[in-house]
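Structure provided below as structure tokens; questions to follow.
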Amino acid sequence: MIVGVGHYLVLSAILFTIGVVGVLTRKNAIIVFMSIEIMLNAANLALVTFAVSMGDMAGIVMTLIVIAVAAAEAAVGLAIIVAMFRHRETVNIEAFNVLRG
Amino acid sequence: MANFYLTAILFLPILGMALVAGIPGARRTAIRQATLAVTTLHFLIALPLWWLYDPAGEPYQFVERVPWIEPFGIEYHLGVDGVSILLALLTILLMPLSVLGSWRYIDRHVKEFHLLLLLLTTAMLGVFFALDLFVFYVFWELMLVPMAFVIGIWGGEERVYAAVKFFLYTFVGGLVMLLGIVVLYFHYQQMTGGYSTALPDLVALEIAGGMQLALFLAFAFAFAIKVPMFPFHTWLPDAHVQAPAAGSVILAAVLLKMGTYGFYRFAMPLFPDAARVLLPWIAGLAVVGVIYGAMVALVQPNMKKLVAYSSVSHLGFVMLGLFALNAIGVQGAVIQMINHGLSTGALFFLCGMLYERRHTYRIDELGGLSASMPLFAAIFMIVTLSSIGLPGLNGFVGEFLILVGIFQSHPYLTAAATVGVILAAYYMLRMYGRVMFGPAGREANRDVPDLGARELWILVPIVLLIVWIGVYPRPFLDRTAPSVDRFVEIVTREAPSGAGLAGASQVPASR
Amino acid sequence: MNPELQPLLDVYRVARPSLAAILPVLLIAGFAIVVLLADLFELGTTRGPAEGEEGTPIMAPYLALVGTALGLGATLWQAVRLETLGGSYFNGMLVIDGFGLFLATVILAGTLLTLLLTVGYCRRENIALAEYYHLILLSAAGMLLLAQSTNLVMIFVALELMSLGVYVLTGFHRRRLRSVEGALKYFILGAFSTGFLVYGIAFVYGASGTMDLARLPAALGVGPPPLLLLAGVGLLVVGFGFKVALVPFHMWSPDVYEAAPPPVTGFMATAVKAAAFAAFARLLMATSDPLAGQWVPVLWVLAVLTMFVGNVAAIRQDDIKRMLAYSSIAHAGYLAVALIAASGLGDAAFLYYLAVYTLMTLGAFGVVVAVGEKGMENTSIERDYAGLGYRHPLLAVAMALFMFSLTGIPPTAGFFGKFAIFSAAVDAGYVSLAFLMVIASAISAYYYLKVVVAMYMRAAEPRAVPNRMYAMAGVALFVTALGVVALGVFPGGWLDLARASADGLHRVAGIR
Amino acid sequence: MSGVDIAFWILAAGTVAFSAVVVTNRNPVACVLFLVASFFCLAGLFVTLHSHFLAAIQVLIYAGAIMVLFLFVIMLLNLGTPQWFDVSSPALRIVVLLLGTGFVAALISGGLPEFEPAVRGPVADVPADVRGSTEAVGAVLYTVYYLPFMATALLLLLAMVGAVVLARRER
Amino acid sequence: MASWIWLVPVLPLAGVLVNGLLGRRLGKRAVSLIGPGVVGAAFAAALVIFLALLGRPADDRTLSQTLYTWLSAGDFSATVGFLVDPLSATLMLVVTGVGFLIHVYSAGYMHAEDDAGFARYFAYLNLFTFAMLLLVMADNFLLLFVGWEGVGLCSYLLIGFWFKERENAEAGKKAFIVNRIGDFGFLLGIFLIFGTFGSVAFADVLPEAADTLAPGGDLAYWICLLLFVGAVGKSAQIPLYVWLPDAMAGPTPVSALIHAATMVTAGVYMIARAHALYLMAPAILAVVAGIGALTALYAATIGLAQTDIKKVLAYSTISQLGYMFLGVGVGAFTAGIFHLVTHSFFKALLFLGAGSVIHALHGEQDMRRMGGLKADLPVTYWTILLATLAIAGIPPLAGFFSKDEILWRVWEAGHPALWVIGFATAGLTALYMFRLFFLTFHGGFRGPTEARAHVHESPPSMAIPLVVLGALSVFGGWIGLPHALGGPLGGIPNAFEEWLAPVFHAAAEIHGAAPGGGGTAADGAAHGAPAIEYALMAASVAVALLGILLAWSLYVRNPALPAVLSARSRGLHRLVRDKYYVDEIYAALVVRPFDALSRFAWRAVDDGLIDGLGVRGTGWLVGLGSRVASRWQSGYVQGYVVVFFGGVVAILAYYLFGG
């Protein structure tokens, strides 16, 4: 079975969906963040696949930037988790529902 | 553009606001006096309109037309005809009276009240002066705000509910009208290539039947709420009962007229075919309003509410007159607008004066007041009789012309509406009798002080007008006749070349 | 060097770098760093007030104000010289056009007003941290880039720059549970939506081969759009829809608005939204040629849902920030209506309304800030706004004005903005959409009126501590109130400006 | 089936499997480790796509830096054991399953498997290995994508300041 | 001449203004001069006009004056203008003449009032005179309607003059509203007249009636029927008579003037005025006659059992009005008007006399507490006797001539059944009137003894009008001697008929010889068989005498008998005494259901349907939406994410499958 562009893309879609499922089902904020990282990686895979397959550099640069953004997001996100843990001694996102209605 | 007369009249109260705003809030009497002076001056300045307006002249006079929002082709466009002059003068006349009427009634936030009153004046006049749909709408909505404040701040127990209800009802109607205006505006653009919201431009426009119907309904919805026509009337009793005396007066005397005036000025001339097609429905609703309003008025335990429902009934007559589509009925409707303003305005003043003395509007808590208040009783009687359409007083002139007018085309509706005349006597006299006649009953109803000089200054002008219009209405009729004739001509104009309602719907389909 | 690399180097060359084009961003970002450095070296500051005292002023707010003002000046300068300056810079990463400049002006004005509100607020709340201003400025820089770029890479980075700053600002009161909870929710949902955005960018890129929206129409050519592009645009709609809070991607906003410090909430509701909408509009215009038929129905449904959910949910709110959050959701719906109708008058209406919306919403948040007291935000409409009209007449008049403007009562600017959107919708043939908007606005009147009712028609509870009004906040309120009236009474010039500015949008998209 | 193809299948299976573990395992530490594994696989996939530089970055930044940060926080907060609360309700699972299936189905039916680049990129003639090299990426990044690159720098600064603001201990 | 016709109504109007605005300050004395004075002056003016008319040839006895155009709108125009012809001149004389007398009488009767009340009373009374004059002098239907409503208003005000008693005010209101029901018809009639003729002026309508309306056509029927509805209300005929008995709550002179002599006869006047229309609608004329006859009999029976002296007179009035309608209904317009005139004399006298009795007994109105007043009140006694004889139809008093004229015309017009009713009524009239007379003046005093001590004859201001009216009751009828009598007595012409002939010549033409054409030429021969006429006269006199005899035997000879009789036929007696329970029936069938319906409209439709379902329902719906939205906004991020992702999937699904 010859592996083509489509395989990479389908893999990316599956990976992305796994990430989404993680965000949707997990209550541990840290794991939710990790799931989001999976989503970003899936997107990266798609970007690289597109870029390589058509012979363009934009996708690769974009991937690079996504990685950088992911790093920044991780920093802020983890800081938020730390701040949140100081309040409730938990990283369970369900423990935070004061704001509603 | 040498003529700024209307603009001057329109914005003088705003100047007055600046004056009143400069007075410290604690100096209540000074505020009242200043507002009284401003409004009286306003009346004196506006009064020459009565003579300067030439009934035989141009359809719209004192016209001002300057570009305003040029990208949209919207102009600041004012002008008056015989009908708007009458309504405007009525409005301006009522303002000093309202100030007098609130002299004692309003004792909290006096400054705010008078500022709002002045703002309200400008907004109301703008509605009557506007010859541009957009300008009209702006003033139409602007008027809503001070009125809602007046009800909501100085009203009775349920004032907030009433104010919100009033606001929402009118606002919803207004929005639908706005949509109609916009659709009309683009229709004009499609037909002519230009942008305009000017009434004269739009009246000349030919609009296909289906679209006319839709647009007419959009406009009529807003106006019907304001009139108020059954079944859109339920904001009125609440607003009236809760509003302070002056608020009720203005509400009844001016604001309700805006609905009928809207039909007269905009809805019907712009969409004559639709008006004719819907005539049976609207006239039918008007008659229902006449009888229904009277019936409900009959069983009200609260004086103000009774008068409020009587307004529903009276305004039904006005609508009926407008939709008679002949000069007699429309004339009657125009006169009846003024009449209702005077008589119902006076009734609300009287209610307010009674409230100042007895702190109740409940009919069963009053009684036998004639004994201690003969002057009050006499004026109350005259106003009551005016309201029930006794010949010789103003109410009859309007009602009679309306009924004669509508009889020509709809005798059965007329017969039904005439029942309203019987009922008017029933509920008004029943109320009058219960309040004024009989034994004094409660101790509080004895030795109630009679009217004072200030109160006479409020009521006597109204009573004089009531008698004047009743005995010699010619000046009023003559001044409005050419405008009314023109209105009838426009509204009864048949659409040329069968482009009437048979024409296919041209409403742009939404995508 | 690998000789095989040479063709690549020939293709990827720097095109039109320009200091003039990037000047506003440079100023803002530069001042952001200056603010931080000044704080670091404790220039002209005495930091660290004792607990319970009012924070002492530091230089940061003034530096931030100066920076923003300079940035605004530079933007206006660019606008004046649009004829010569207009065009694409840095290989299309930055575009100077009327649309972008208009929005940049709105964003910077919003930032400036936010800063004015913030100064007093921070002093009162004892959070006199330079980082606060740093974050606001960097966010603003991100917004500028977002509004003025047509390249998806740039848009993505700018969006993240803007968003991350706002996430942190939301959680700035880290001692308050609510603040942190808001930040958490915002962050989770924001990062989640970022995932979709990136994925959408990938798909659009894959389908068209370019990251540049301006080149998109040409790259797509004629013929039916590939499904991949549809999916990509769909995902981008989701990503941007999240930022501007379109239903059903709106759910973060009530919670976050309530959580964030009021000036930040105002910032989020206006500048952030304006910037996100800018990119959204560019995306939609760029794809409108082949795809309008595809995205219009979706946006139609989203707009209607947004208007109704926003307005209906706002009815129940007693917390004014939450109410304004739902209100801003609803307004996003109105703006979406304008975008749908953008082919006609909608673009001008969109810009005009965005400007007006910024003024009135920021004004409202300004009042919210002013009503708050140290440690207490006083955001209950029933409790804290009752009788405000008599305690703080001017404040209440301003609030009433903003509420009426948000409702759309003439002669305020909000009215004319709505009128412009109605007109656009009707003109473009979306009468039913305009009608639904009418109904939605009617519903909205109720909750805006509720505030007015509370201020004027409810008895006030006596308050021990009179609220303190800060001069700068007063200036901000005065400016917004004046703007709301002026733009309402004389909207002509502004509308012309909006129309002229909107032209750029289509030029980029290659329509006109 | 060439060697590259075989590598793809293995790496793809690894990525999916490890990721699936991440979203199902209740122990955060395990999750981090599986995620790192997944990222390694992904880096491998990048290699199969001739993007050597990206593969290196993937390992260095993602697996090396970001995940360590995660691990650090987990340890800091003492969360290194399975978290009892982290169970979602069956109803939610069903909903998520349906939605996820729908999502994948939509994307797959949207033409991903059959995707062929419709556009020929400007450097399609340059060999893929060269395009994926550090030199090439750098050449592009510092020319055309200069501005986003600088913006990214600002972003990192902001993230740094933001993290400090949020996570700083109380005085 | 014509230029000062306006003076006649304006004089009382001036009285209104002076008494109304200044009366309180002027004091009773001045008011008692001004009040009657203006009406006297109006009478003088009317007399001058009358004489002037007399001085003209018979076919030119019309004066008119237009003051100004009152209403004009489109095609519609109505003036304030007066028309004086023999018919209106007659009525003017009656209104001002009898009115003057009653004004004079009132000055004495109302003396107990304070200044304000006294002035108010005369202002109202003057206003009434003004309105009544407007009614009879109007030259168009609309102005007639103005006067019509005006008198109604005054009636309302005067019935409720003593407003501190709830019942009085209620009675006034009832009068006004019942009248309004009639006015409803009148107004519609006017609309129809305008719609048909394009004008409401008599000069445009009446002469054209024969040409424009098809005889017996629908249009004519409708116009006449609607106008008659108005007349039924104002003139208290079945079924709208119910207000008149209650109207006795007003001061007695008011009852005399308004509810006996003038206002209530307006309906008769109106039909006479519009006779040209009615002649086009014979069926409606028949209805008029039928209603009149029924009312006459019906009211007479009720009168038999009333104990309140004024109530008896009130029912008597209703009954006599029935006679008038019977007359005009058979086309005998002259006879109807003749009876109107004579009735105004003797009925005013009866009321004033009753007033004198009540005055003497300090407000006592119940005949069961009267009796034997003959000696104490001689003037009253004798004048009332004259009036009673007159109403009973004893020749040669006024009532005899007018009533017999009507009965004869009825017979002649070929309505024997109606004649029988009228004949029976004549007997009943004599019976109940003499019952009143005997109960009041004969026998022993049945009231409390101390009341007896204070009984005194009325002052001259009250006595003189009694005497004058007594004279008129005796001689008033002689102006209209029937030909059957006048002929044999030396050819005395029927002056009244001649006088009105120009007005009713249309009727004469249509009815052929019936009402005696030119008048002067008419003699017995022209009337067919005088023998029958004599026989009928004799019969009616006989039945009247029988009635008197019966009354005498019941109330003078055997005073105990009535009680026995009524006890024996208790049901019938109670039915009659309680006025056939018509008020109760109206209350049960009309008033209360209507009130209930109104309450339903308020509570169910307004509060329930519109406000409840409509307004609050909408609010509830929006609130529900709000609650649902709040519920979704649960605070749990995961929920938000799920909704978010749902949106994503929906959009993608739309794009990839739906788009």
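To keep things simple, chains are lettered A, B, C, D and E as they appear, and every chain counts its residues starting from 1.
The criterion applied here is as follows: a contact is a pair of C-beta atoms (placed from the backbone, for glycine too) under 8 Å apart; a residue touches a chain by one contact, two chains touch by 3 or more.
Since the model is a prediction, treat every value here as computed from it, not as a measurement.
Engineer: Shared touching chains for chain C and chain E?
Structural biologist: A, B, D
Engineer: To get from chain D to chain E along touching chains, fewest steps?
Structural biologist: 1
Engineer: Indicate, using Cα centroids, the chain positioned nearest the centre of all protein chains shown.
Structural biologist: B
Engineer: If you take the mean of the Cα atoms for each chain, which one ends up farthest from chain B?
Structural biologist: So the chain farthest away from chain B turns out to be D.
Engineer: Comparing centres built from CA atoms, which chain ends up most distant from chain C?
Structural biologist: Relative to chain C, the chain whose C-alpha centre sits farthest away is E.
Engineer: Could you state the distance in Å from the CA-based centre of chain A to that of chain C?
Structural biologist: 26
Engineer: Please report how many Å separate the Cα centroid of chain C from that of chain D, as a whole number.
Structural biologist: Spacing between the chain centres: roughly 30 Å.
Engineer: Would you kindly tell me how far, in whole Å, the mean C-alpha position of chain E lies from that of chain B?
Structural biologist: A distance of 38 Å separates the two centres.
Engineer: At what distance in angstrom does the C-alpha mean of chain E lie from that of chain A?
Structural biologist: The answer is 97 Å.
Engineer: Please list all residues of chain E that touch 2 or more other chains.
Structural biologist: Residues 630, 633, 635, 637-638, 641-642, 645-646, 648, 652, 655-656 of chain E touch two or more partner chains.
Engineer: Which chain C residues touch at least two other chains?
Structural biologist: Within chain C, the residues that touch at least two other chains are 8, 12, 153, 156-157, 160, 164, 167-168, 171, 174, 183-185, 188, 192, 196, 206, 209-210, 227, 230-231, 254-255, 316, 446.
Engineer: Run through the chains and report each pair that touches.
Structural biologist: Chain-chain contacts present: A-C, A-D, A-E, B-C, B-E, C-D, C-E, D-E.
Engineer: Name, in rising order, each residue of chain C that touches chain A in their complex.
Structural biologist: Touching chain A from chain C are residues 8, 12, 152-153, 156-157, 160, 164, 167-168, 171, 174, 177-178, 180-185, 187-188, 191-192, 194-196, 198-199, 201-203, 205-206, 209-211, 254-256, 258-259, 316-317, 322.
Engineer: Of all residues in chain C, which touch chain B in the complex?
Structural biologist: 296, 348, 389-390, 404, 407-411, 415-416, 419-420, 422-423, 426-427, 429-435, 438, 441-442, 445-446, 449, 453, 456-458, 490-492, 495-496, 499
Engineer: Show me the residue ranges of chain B that touch chain C in the complex, using the header's touch definition.
Structural biologist: 67-72, 109, 112, 134, 137-139, 141-142, 144-145, 148-149, 152-153, 159-160, 163-164, 167-168, 171-172, 175-176, 178-179, 182-183, 185-186, 189, 507-511
Engineer: Which chain A residues qualify as touching chain D in the complex?
Structural biologist: Spelled out, the residues of chain A in touch with chain D are 1-3, 5-22, 24-28, 30-31, 33-35, 37-38, 41, 44-45, 48-58, 60-61, 63-65, 67-76, 78-83, 85, 90-92, 94.
Engineer: Under the stated contact criterion, what part of chain A meets chain E in this complex?
Structural biologist: 20, 23-25, 27, 93-94, 96-101
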